[in-house]
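A, B, C, D and E label the chains in the order they appear, each numbered from 1.
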């Protein structure tokens, strides 16, 4: 199946658009091999932004998506879900990080735009080779380990235990309570800590 | 704390440490070492006779080194579990082979000098790290004289001193037993200081205010000084608490203390500790003579946070605390799926924030439990059996032992459940037989060409 | 990158931040540790902390004409204690240099005159025989005080601590030394 | 034998602290340390100079460093003021490229180049860390038998750091004194300022600081003070009389260079060590413990 | 002519790529010459990828991973270190020069180290001039 790639260049408000000429990047993307359409949009991660992608997938028969926006470490999962909800395999998507690794770190607007183009071109070339992948599932062991029995450990352990699940609460010291046990009254209510 | 003990869904292991973690989200295997208490937890009734009879003492770490405890001890009266432990480094039986007083007097026969460390293995689906913080050791700041002057105390020491079950039964007193008539509380000790910790420890402002309230309650005519850089009373009800302390008549001096000295220059400084600062709102140096100095010591990462991080594959931020997946959007998750963090191990925070974060971590775990299954990384590696030459190069490289060798077919095989998709084997395979899904060689080459346009 | 004229005559805080050691001045949190550590702050017109605040507020004349930096004994206690790693002593030196260059040094302290004659000494002979320098300085600034110093000078002389003849560099070394200093002058300061 | 390039500084060469230079050279010989005086050195750059023309001061300092670079040895000075300026120049030339460019240009005018390869050391550092306390103790011929000495470091030997000792409560001189058989008394103000050259322009102020130091030393029962800096020695010794006059005190504390004490313990005679140059005579105090 | 080198960066997802993101959120500015390709682990980077980068016209290759001991995959970064070390003599031998390949450890919290590394590597490559494999610049 020939790739029909949709490229979405995010303004991220002014976060990206103030430094990078997003229209120019979209225009550049249109000329890349396999690209069916390229658009720039205010906030691609917003609901209307995601709807735009979903509609394009259906109406324009897109089969690969490139999103030039923030770091994939932030929104890769978000956009994978967008694809899934449009019945496209979530792994047929690539992100070009033109915010954290381009707009925010480059002084010169022209050079930033050039770099953004390069990052988009890399993503477009890569996405053409993307294959649908199946996520496998494994059973979830319902037991939980909590390491450290201070305030946080005790609180978390009690919450989970309350739901009827088993918690192993491991504490290095001979008794629990951590630093909290050493305190008398605590601010601002001045009640006792235990 | 008592509810932890009584909760049948909590298996409490005190005096125990995690020594090894393997597996992956949904299916971790954890090895735990139970250190010997030399007291049988099941038999001990917590009567306390052993501690009364034990003739040997050591500094009480629970009281921040101020009081003493016995060689067999429970750290404090309401300890959970209420089972003592024997300190091998102090106990005469372990040092010289005699005494055994505790054993003789224990009616429950709970003393067991033969106990050894035990290892248990548990299977869990998720892990929450709540290892807390260490209190900053102020003795490294020489000008404050902690450890040099008797009446300079750390924040934790003051806590213990003001605690009814502490070494002075809650009495605020100087080393000579007398009552202080004036106290200076020094903020930001070890915090907001590039020489020690650059970050703000977040709790010291408020506990310093609390200290002045406690002093005022116990010694109504005491003169109290707060030496601060900025007062950060940002929480709900905190600014109101500050107002209350102001009304109580505490002296607020805006200036960081530079030094504590006992070198008197005038008669009314004789025998006192003098705090040197600039009252920055006046623009003058001030010498404030007081009986007692309390150092509002900051919070720092546990000394062994590095080892903990390694064991659970956590990252640490520049300040040494464990790194959350995202500071705003994912403050309880870590880079390792199924491992969460909460409380001060992630960064200094107060009790309300700690409880909130711990509840959040519990919620994350519960949502995984209620789903009942976990998704495994799809971008993993597979071996193309047609191409694999059976050279076994990849076998030793895999950090997870996910690659086995199929002797019959003479090819490598990757266990999908164990593979995490790092791609080290892909890079190493001399015949190019391993495909790193989603990061295939042709994909990366395409990217290289792409960035070089 | 060479500092342009505009940069040199910019704001005081900008100028200081471009001087080696002055780069962190904007990070000051006004905690007063420097002032409280200073052995001489109580005699200064403005404490070191306040001086930084004033510099940041653009109070150029007040700062440069104050006696504060001239009472700095360069003991560096402020610098090692500063929680923001600001090199306060270096900033003091920079302020001294600026006040000399702009000829606005405080008249309420003799330090500028003393430092200047000291530097002249260095320039002319390459080193400073300090007891002789001391007496000379007194003679220049306060002949009356010089008279009071006579017993001390005498005692230094009898204890063999005052040379009549100053150490001098070899002629070619002196020429080299002066060439370097002349070039430094030509380069117009830091 | 250990070799160093030696930078005596103005005061110790033939200025008011000549005894420092004399005792330094004598002690070095006794410890098999070869101090090779830097030929045609000039003023270190000095704090007063820094305050008038910083660039000229750095250049003055850099000329010495450039001259010393030839030999490739560590550059050692007994003077704390020289030490602080020389080592500051050395590190700033590494840290600040713009400064380096200017200094390089000025040096070139004198036909010199500096490649920033040498280390600047204080004499105390060399004795404490290169020679070592054990070695020094093993060469002691006349144990100082419990002479109570207040170890006075002053400011610039341990600050602004990072240096070879703690900037607020240094220990190396204490240990050095003790390996001579003397006793280092507690001295809370051991790293505090004596006023330095402000003694000339702001005498009142400096006398106040000197008084505090003398007070602290004598209240801790020191019989004498050991210094590592010619300025400190001058202020505490030469001006002790003026302190007494101004504050109606009666201090009579001899102020010795640490090298003079070392020399005594190593068996060198008082004259070689310049002991008679102390304004407040040390003879009586020393006579209780050793033959001078 | 102003030579602007093109540099390919291989950054591991967990440490270095996160560090580069942190540099971004802290708005630390650096030269746009380095273009980062995300790999899950620096251990994924092998000789052929690096050589292909040079063949495709890169003037320099920067490989960044977690500090030794901090690898998200325990020890993948050690493989990267071995490969880079092994490749350098070869680069030298074929005339590309071993200075054009650099390996750095950058953790997720070392935001400032990214601009520092990029800055120093870019200026080093600028001094070296265009890669000999690179026809782009030779025309003028």
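What we mean here is this: a contact is a pair of C-beta atoms (placed from the backbone, for glycine too) under 8 Å apart; a residue touches a chain by one contact, two chains touch by 3 or more.
Keep in mind it's a predicted model, so treat the numbers as computed, not measured.
Colleague: Note the shortest touch-path length, in steps, from subunit B to subunit E.
Modeller: Contact-graph shortest path, subunit B to subunit E, evaluates to 1.
Colleague: Taking contact as defined at the start, I'd like the list of chains shared as neighbours by subunit A and subunit D.
Modeller: A chain counts here if it touches both subunit A and subunit D, which gives B.
Colleague: In the chain contact graph, what is the shortest path length, in steps, from subunit A to subunit C?
Modeller: 2
Colleague: Which integer distance in Å separates the CA centroid of subunit B from that of subunit C?
Modeller: Each chain reduced to its C-alpha mean, subunit B and subunit C end up 48 Å apart.
Colleague: Between subunit A and subunit E, what is the gap in Å from one C-alpha centre to the other?
Modeller: Their C-alpha centroids are separated by 25 Å.
Colleague: Centre to centre, by mean C-alpha position, how many angstrom separate subunit A and subunit B?
Modeller: A distance of 30 Å separates the two centres.
Colleague: Give the residues of subunit A that touch two or more other chains, as numbers and ranges in rising order.
Modeller: Touching at least two other chains: 73, 118-119, 122.
Colleague: Residues of subunit E touching 2+ other chains?
Modeller: Residues 18, 35, 37 of subunit E touch two or more partner chains.
Colleague: Among all the chains shown, which pairs meet the touch rule set out at the top?
Modeller: Touch list across chains, by label: A-B, A-E, B-C, B-D, B-E, C-D.
Colleague: Within their complex, state which residues of subunit E touch subunit A.
Modeller: 13, 17-18, 20-21, 23-25, 27-30, 32, 35-38, 115
Colleague: With touch defined as at the start, can you tell me which subunit D residues reach subunit C in the complex?
Modeller: 10-11, 13-19, 40, 42-43, 46-56, 58-60, 63, 84, 92, 95-96, 98-99, 102-103, 105-112, 155-156, 159-161, 167-168, 192-193, 195-198, 200-202, 205-206, 209, 234, 238, 241-242, 274, 276-279
Colleague: Taking the complex as given, what residues does subunit D use to touch subunit B?
Modeller: Residue positions touching the partner: 166, 168-169, 188-189, 212, 216.
Colleague: Can you check the complex and tell me which residues of subunit B touch subunit A?
Modeller: Subunit B reaches subunit A through residues 1, 3-4, 7, 9-18, 24, 26-28, 30, 32, 37, 62, 64, 74-76, 78-81, 83-85, 122-133, 135, 156, 159-160, 162-164, 166, 170, 206-207, 209-210, 213-214, 235, 237-238, 240-241, 308, 312, 326, 329, 342-345, 350-351, 354-355, 357-359, 361-363, 365-366, 368-369, 371-379, 416-417, 437-438, 440, 442-444, 446-453.
Colleague: Sort out for me which residues of subunit A touch subunit E in the complex.
Modeller: 71-73, 97, 99-102, 104-108, 111-112, 114-115, 118-119, 122
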